[in-house]
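The following blocks contain the structures, represented as structure tokens.
Same chain, two partners: chain A is paired with chain B first, then with chain C.
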Partner chain A sequence: MALLEIEDLRVEYRTLRGAVTALPGFSLTIGEGESVGLVGESGCGKTTLLMAMLRHLGPAGVITGGAIRFEGRDLAHASEADLAKVRGSRIAIVYQEPASALNPTMTIGAQLAEVPMQHQRLPRAAALARAAEVLADVHMPDPRAALSRYPHQLSGGQKQRVVIAMALLANPALLLLDEPTTGLDVTVEAAVIDLIGELRAKYRTALLYISHNLGLIARVADRVGVMYAGELVEEATAVEIFAAPRHPYTRGLLAAIPRPGASKETAALLPIPGTVPSLAHRPPGCGFAPRCAHFSPGLCDAGPVAMAGTEGHRVRCLRWAEVTAAPAPPSFHRAAPPTAALLESRDLCKIYRLPAGALKANDGLDFAALKGEVLAIVGESGSGKSTFARILTGLETATSGSLRFAGAEIANRTVHRRSAGEVAAIQMVFQNPDGTLNPSHAVGWALGRAVRKLGGLRDRAKIAARVEELLALVRLPASARHSRPRQLSGGQKQRIAIARAFAGQPEILVADEPVSALDVSVQAAVVNLLLAIQAERGSTMVLISHDLGLVRYLADHVVVMYLGRVMEAGPSAAIFAPPYHPYTEALLSAAPLPDPTHKPRRIRLEGEIPSPLNPPAGCRFASRCPRKLGTVCELTPPPLRETADGHLIFCHIPLERLRAVTPVFAPEMVEP
Partner chain B sequence: MVGLLLRRGAALLLTLVAASFLVFALTQFSPANVARETLGAYALPEQVHILSEKLHLQDPLVVRYVRWAEVLLGLRADPLDDPALGLHIHDPRGARYFGNFGYSTLFHEPVNDIIWSRLANTAVLAGIAFAVIVPLSMLLGILAGMRPGSRLDRVLSILSITMTSMPEYALGVILAAIFAVWLKVLPGTSPLAKGTGWPLASQFLLPVAVLALYDSGYVARMVRASMIEVLGKPYIRTALLKGLPRRRVILRHALRNAMITPFTVILLQINWLIGGVVVTETVFAYPGFGRMLLQASLFGDIALIEAATLVALFVAVVTQLLSDVGYWLLDPEARG
Partner chain C sequence: MKPPFPARSAADAAAGAVARAAEQIDRPSPSLLARLPSSRIAMAGLCLILFWVLVALLAPVLPLPSPTAQDYLAMGHPGPSAAHLLGVDTLGRDTLARIVWGARIVLLVAPVSVVAAYAVGCAMGLLAGYCGGWVDLLISRLADIILAFPVVVLYVILIASVGASALNIVVAVILSSAPAISRIVRGITLGIVRKDFVAAAHLRRESALHIMLIEILPNCRGPLITDFCLRLGYTTIMIGTLGFLGLGIPPPAPDWGGMVQEATPMLIVFPLMALFPALALISLVLGFNLLADGLNELAQKD
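The block that comes next holds the complex of A and B.
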């Protein structure tokens, strides 16, 4: 018995230039208690679909056809009064950014109590009691006290718990989850996902997950739909979709992200060329045709393509039966393994003196980056990764310790006190390309300025030539220099940001989450570009990321940080196999992999990351460590344990016992 | 909260001291001279010189400022009060008391006898105008902001822009022409005197109307913009998709957040109403603070200018304090 039946739903946006179709005819069924995942890149109509289901499309959005049948009502044509009975009561939403989804001037209790007061007509006191119960259900520490807090007094993970509690208060039959973990740390993400699964079992709620994160969808969904240009292009069980994708778009998405355990030596990522078509320029026939390697003229662009395939695995492709797997991708080759250290950090400390006390953002960092390698720094927010990047790039100075770049001490000198050569030698690529480019200047101006400042060129013709070279380096046409940032896609903007960083021949490129703001199909292209440029220039890359799949793929060496200290460091392959530091083990277990059959050992960290103002005296990780030995961990700083292959672990647990665990990733996934 | 008030109170005091020194210093560069203004236009240069000597006007600026501050605080007798000077001016409060602003050369009276009654008159006018402006502009701004682009929004926008762009004197003259000259239902001037034949209350109507029409449009536009911004926030969507009725979403979720930004602007209107309504008071011959300040400035009445500036400044600093406290109450994040 279907709980929700969306049939041939058509949604248009009325704009000044006429109506554009966001959803040309969308159909989906969700059974009672079922968990369905929808994946697709931005601009594919995922959010429009969610908002259409609750008829919250704004003044421009109109449902022009089809039906949304839910519990005996057609929501597409229901009255406002009927809708109000469904919204928040039978269908509830968990939003993407919990910080902005909560009203900053109302207490948590007041915002939660509104739901039972509205839908069950409970008096305020009873509604608050009910809110406290549900907060306890979502494992909110001290739920009673939380009722009188304001959103800004909670951490990101706690806010998302509140948003989930708000959605569950009326015991809805269907829970819509709109990128529910984007922006959360991996360990928090895993806890939130576990929580939703647990509550689903308890309340028999059906779930509709919407995400661009294939790993997340693989972990949570029973059935998966793939959306492209407002249409469902493939639908099957999660296991089927990930094991035997049929639509070229689905295949493309899976080839664009690192397979579990893959590294740059074993496989290349395949980007999908082109971009999602805009709503106004939908191609005739198959929406994916312009980007598809299997496009057949006269067939694919002849007219609307119907869902085909087999029972239980439907696909909107005329050639699905003929399409074969993509050819084996070429591997990354390195001439000689890097050996010489370019960057050396020795006992590097950064202490912020705050009114509340001393905050040790970096505490005794000891590691090196070799010339020409990729060094990844991983850790949750608050681990001190970004502080290190700020010292390295000269935005701040260290409090003590040393950071040597090519033999010269740079820890105590900000950009202003570094030579022009040193500044040009260490450059940064930021997470969000939108914020790094000045919107009022053309790309050529921004690059030209970087060429003057970092490359030291003065001659106009030479600058113009160098700008063209840089654009070619990031595989953009020379004409791109006339574009303004708003005319470029996210991936193109990030290419410009990379070109800017290479304006002065950098020896170290600091990449802070370089692809996490980009769509999956574009991520692969940017990763490949970074690797290619790095190999070509022999520059070192310091990668800061929380995406462990990406780190495994890109990095040669990995440093794992927690609360300002290094927990573990070593070659990438060694980090991703036992012996693990207990913190790394938890991080790996939390990372979502695009493989629904993969059931990692479930290691969850309790509680929140402690305040860096008052860290544990012994091992920093002691207060949350699932393998804590006892008081020794709390009081004594852990000893350094070293393996033969240069793998360093700071832990009280002896190496043999750290080694005697089953890998979090199955062994065949780790070995090439 | 107490900490905030203490910190702000200290800052307030410091601001007043710094500003009073600046005002004092500025009046020294004006063509007016205390001795010349006190003696009047027909005094001989020798007489001016003698008075200057007696008042020690040749001392350095800082010394004179300290002396002036001591007179104000009641630590020193006002030198002008000395009968030996033969100026025949006398303050019934005595020569030495706290809050002694000196003598007005324009009115030949102690400043304290002039300034407070004018301030009270202006406070009444400002109070009535404020009581009209705030609810009116909030109502209009909220209604317009709730449905941007609607007919109501466009009508309100056009009206408020028209009213704001019309100068106060033009508005005053037009209203007076219609209601006083043509319809003859309201008095054209508002001297607050009994003998004019118009009841006292009717004398307030036109000045209040000018102030309210001129200012409400501006404040309403601020409220409208803030309302539109808040209604676009994700938490408003959260509230709507909880199933709350739109009315409740606006009252419970939107209003308080939409008031945070315009709150400061609304309080700034108090400053303008107290010290800045020179034109309206002059057009309607209203015996208020702004008109007094204008007269004092034109005449070069240094003591009165100093006192009036200090009072206006005090009002400004207090409204600033109020706006900080209000902000603290409205926005929990400001409370930490």
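The block that comes next holds the complex of A and C.
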């Protein structure tokens, strides 16, 4: 029995420059209590679809055709009065940014109580009681007290729980989730996803997840739709889509991210060339045709492509039956012979003196990075990864301890006290492509300046030649030097940033979440590029990331940090197999993998990350550890446990017991 | 030449797609000034300003009497006549000539003083926003103190104490405008200082001066262009007000504000004597304000 039936929905945006079609004809059915996931990159019309379903498109958006049938009403043509009966009560939405979904001037209780007061005409006291019940349902600690708090007094994960509680208050039949966990730490994300699943079972609510994160969709959805350029291009059960994708776009998306357990030695990532077409320049025929490797002139660009395929696995491709999946491209990575340590951190500490007390952002970091390898630093926000990057790059100095780069002590010297060679040798690629380039200056200027300062060139002609070399290095045309950053896509900006970092001869490249802000199809291109340049130049890469799939793929060595301390360090293969540090185990179990058949053992961390101003005295992780032994963990710093292959674990639990756990990943997923 | 991507196995198929979806970089969207003609308001303002600039430039060649020459015969009938198109003032000087020559003064003193105020204000704002800490505290509190005075009172105190001259007007405009400009620049700087491109500049060991002037200042230009035009308008009014209060450009130089003031005793008998210089002042200020509005509107469309 279908709960929601979207049939041939057409949405246009009417702007001063004319009308553009956002959704040319979208159809989707959601059954009662079903969980449907929609994936697609930014600009594919996912958010437009959600807003059209709520008839909240803004003044420019117009529904020009089709129907949205929900519980006997056609929402596309319903009156405002009818819509008011549906919005918030029968269909609720959880927005992407929990911080901006809550009103900062109202208490949680007041905001939650509005829903039953509005929709069920409950008196205020009853509404507040109902709010407290639902807060208990979303596992909010001390729900009664939470009612009188303001949003700024809650953590990000708690805010998202409140938003979910608000959506559930009216007991909706359909819950729309727009990137519900973007911006949350992986352990918090896992807890929120579990919570939604639990509530779905309890209230029999149907879910529509919208996300670009394939791993998340694989974990939560029964049925998956893939959106491209405003159209549904493929629809099947989650297992089918991930095991046997039929549309070239779906295949492209899956080939662009590391398969579970894959590493750079075993398989290469395959980017999808080009970008999502803009609404105004929709290609005739198949929307994906300009980027498709199986494009056939005269066929794919002839006219609109209808849904084809088989019952239960529909695909909008004319050639789906004849096109076979391309074999995974072989790895091009050649393992470099092991080398000496280039970077050595010994007992490195960074303490910020704040009015509220001393904040130990880094507390006794001990690890090394070998020449030419990729060292990944993993941990949730607040773990001190970025502080370490700032000390390494010389933006700040350490409070104590030592950081030796090629034998020279750099922990106590900022860039201004480092030699020109040392400055050029340690460069960085930043997370946010929009902030990484100065919008006031052309690309050529930015690169030229870097060449002048880092490469030491003075001659104008030589600088210009070097800038062209750098653009070629990151596979951009030489004409790109005239572009302003606002004319570039996110991936292009990130490539310019990589070129800038390589203006000198960097021996260490610090990459702080280099692809997390990019679309999936672009991520692969940037990862490949980083890897290729890094291997070619023999540079060491210090990768800072929370994306364990990417870390598994890229890293040779991994350091796991929690609250400023190293929990575990070792070769990548060893980190992803037992023995695990309990924190690593929880991180791995929480990481969403693009494989719906993968059901990791559920290890969920209780509570929030403690304040770094007042960390636990013993093991930093003691307050949230699911395998805590007892007071010894809280009071005594954990001993170092070392295995034969250089795998270090700081834990009170003996190695034998740490080893005797079932792997979070199936063994074949760990060993290539 | 190394192959660009490890796509060799699927290379044949992918090559076509790569070619069709070749690296696309959007065309540059035209700059704010290039789009100026698309805003009617901005163009109207610009026309008014250009009219006065033209008038000021052509003053020496226009067939006008000297702005200080007195026509004693016309004093009896100061209204418009064939000899004096806009009439004469109480001393028998030609109003049109004085307005035209007065435009030269306004259009010199106002921009010079605003530019000078900008130099000081940007320096203050950049230092405050970039350095932070006690530098910020000192500059911001200083700005607050100056901004606490009503602008007119500030001008009057300043000019009355140091004497009326073009240079002192410039100094007074710097003192009253620079703190407001510094606030704008400081606010923008605070946001930009945290951006990654500034961190990247630090990682190249750029000097603080380079970061402030080359990395940060150009990103302030959007709000500053609008403010610059508005401030030209305010300053023009202020110069007029000072002239009216007798604190403007010293006589006998033709000063629009002074002309209005000289005509006020005769306002009931000869209202046109005050009206013409007042209209000149209003039209120029209107020009600056319309241009500012238009630029603001264009900036919002970005």
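Quick notes on this one:
Quick note on the criterion: the second predicted complex is superposed on the first by the 668 of 672 C-alpha atoms of A that agree within 3 Å, B and C clash if a C-alpha of one lies under 4 Å from a C-alpha of the other, contacts with A are read in each partner's own complex, and residues count from 1 in each chain.
Note that in this section a contact is a pair of C-beta atoms (placed from the backbone, for glycine too) under 8 Å apart; a residue touches a chain by one contact, two chains touch by 3 or more.
Only a predicted model underlies this, so the values are computations on that prediction, with no experimental measurement involved.
Touch criterion not met for A:Tyr352: it reaches neither chain B nor chain C.
After overlaying the two complexes on the shared chain, residue contacts for A:Ser89 are found with chain B alone; chain C is out of touch. Of the two partner chains placed around the shared chain by superposition, chain B is the only one that A:Leu54 touches, whereas chain C remains out of contact.
Once chain A of one complex is fitted onto chain A of the other, the partner contacts of A:His152 are limited to chain B, with no touch recorded for chain C. Of the two partner chains placed by superposition, only chain C is touched by A:Arg500; chain B is not. Of the two partner chains, neither chain B nor chain C is touched by A:Tyr203. Set side by side, chain B and chain C differ in how many residues of chain A they touch, and the one touching more is C. Of all the residues in chain C, the ones that touch chain A in their complex are 2, 4-10, 13-14, 16-18, 20-29, 195-197, 199-200, 202-206, 214-215, 218-219, 221. For chain B in complex with chain A, the residues that touch the partner chain are 233-235, 237-245, 252-253, 256-257, 260, 330-333. Chain A makes touch with chain B in their complex at residues 54, 56, 84-89, 92-93, 95, 97, 100-106, 114-115, 118-119, 150, 152, 163, 166. Here chain A touches chain C in the complex through residues 268, 270-271, 273-275, 290-295, 326-327, 329-332, 393-395, 415-416, 418, 420, 423, 426-428, 430-432, 435-441, 446, 449-450, 453-454, 475-477, 479-480, 482-484, 486-488, 492, 497, 500, 525, 528, 532, 536, going by the rule given at the top.
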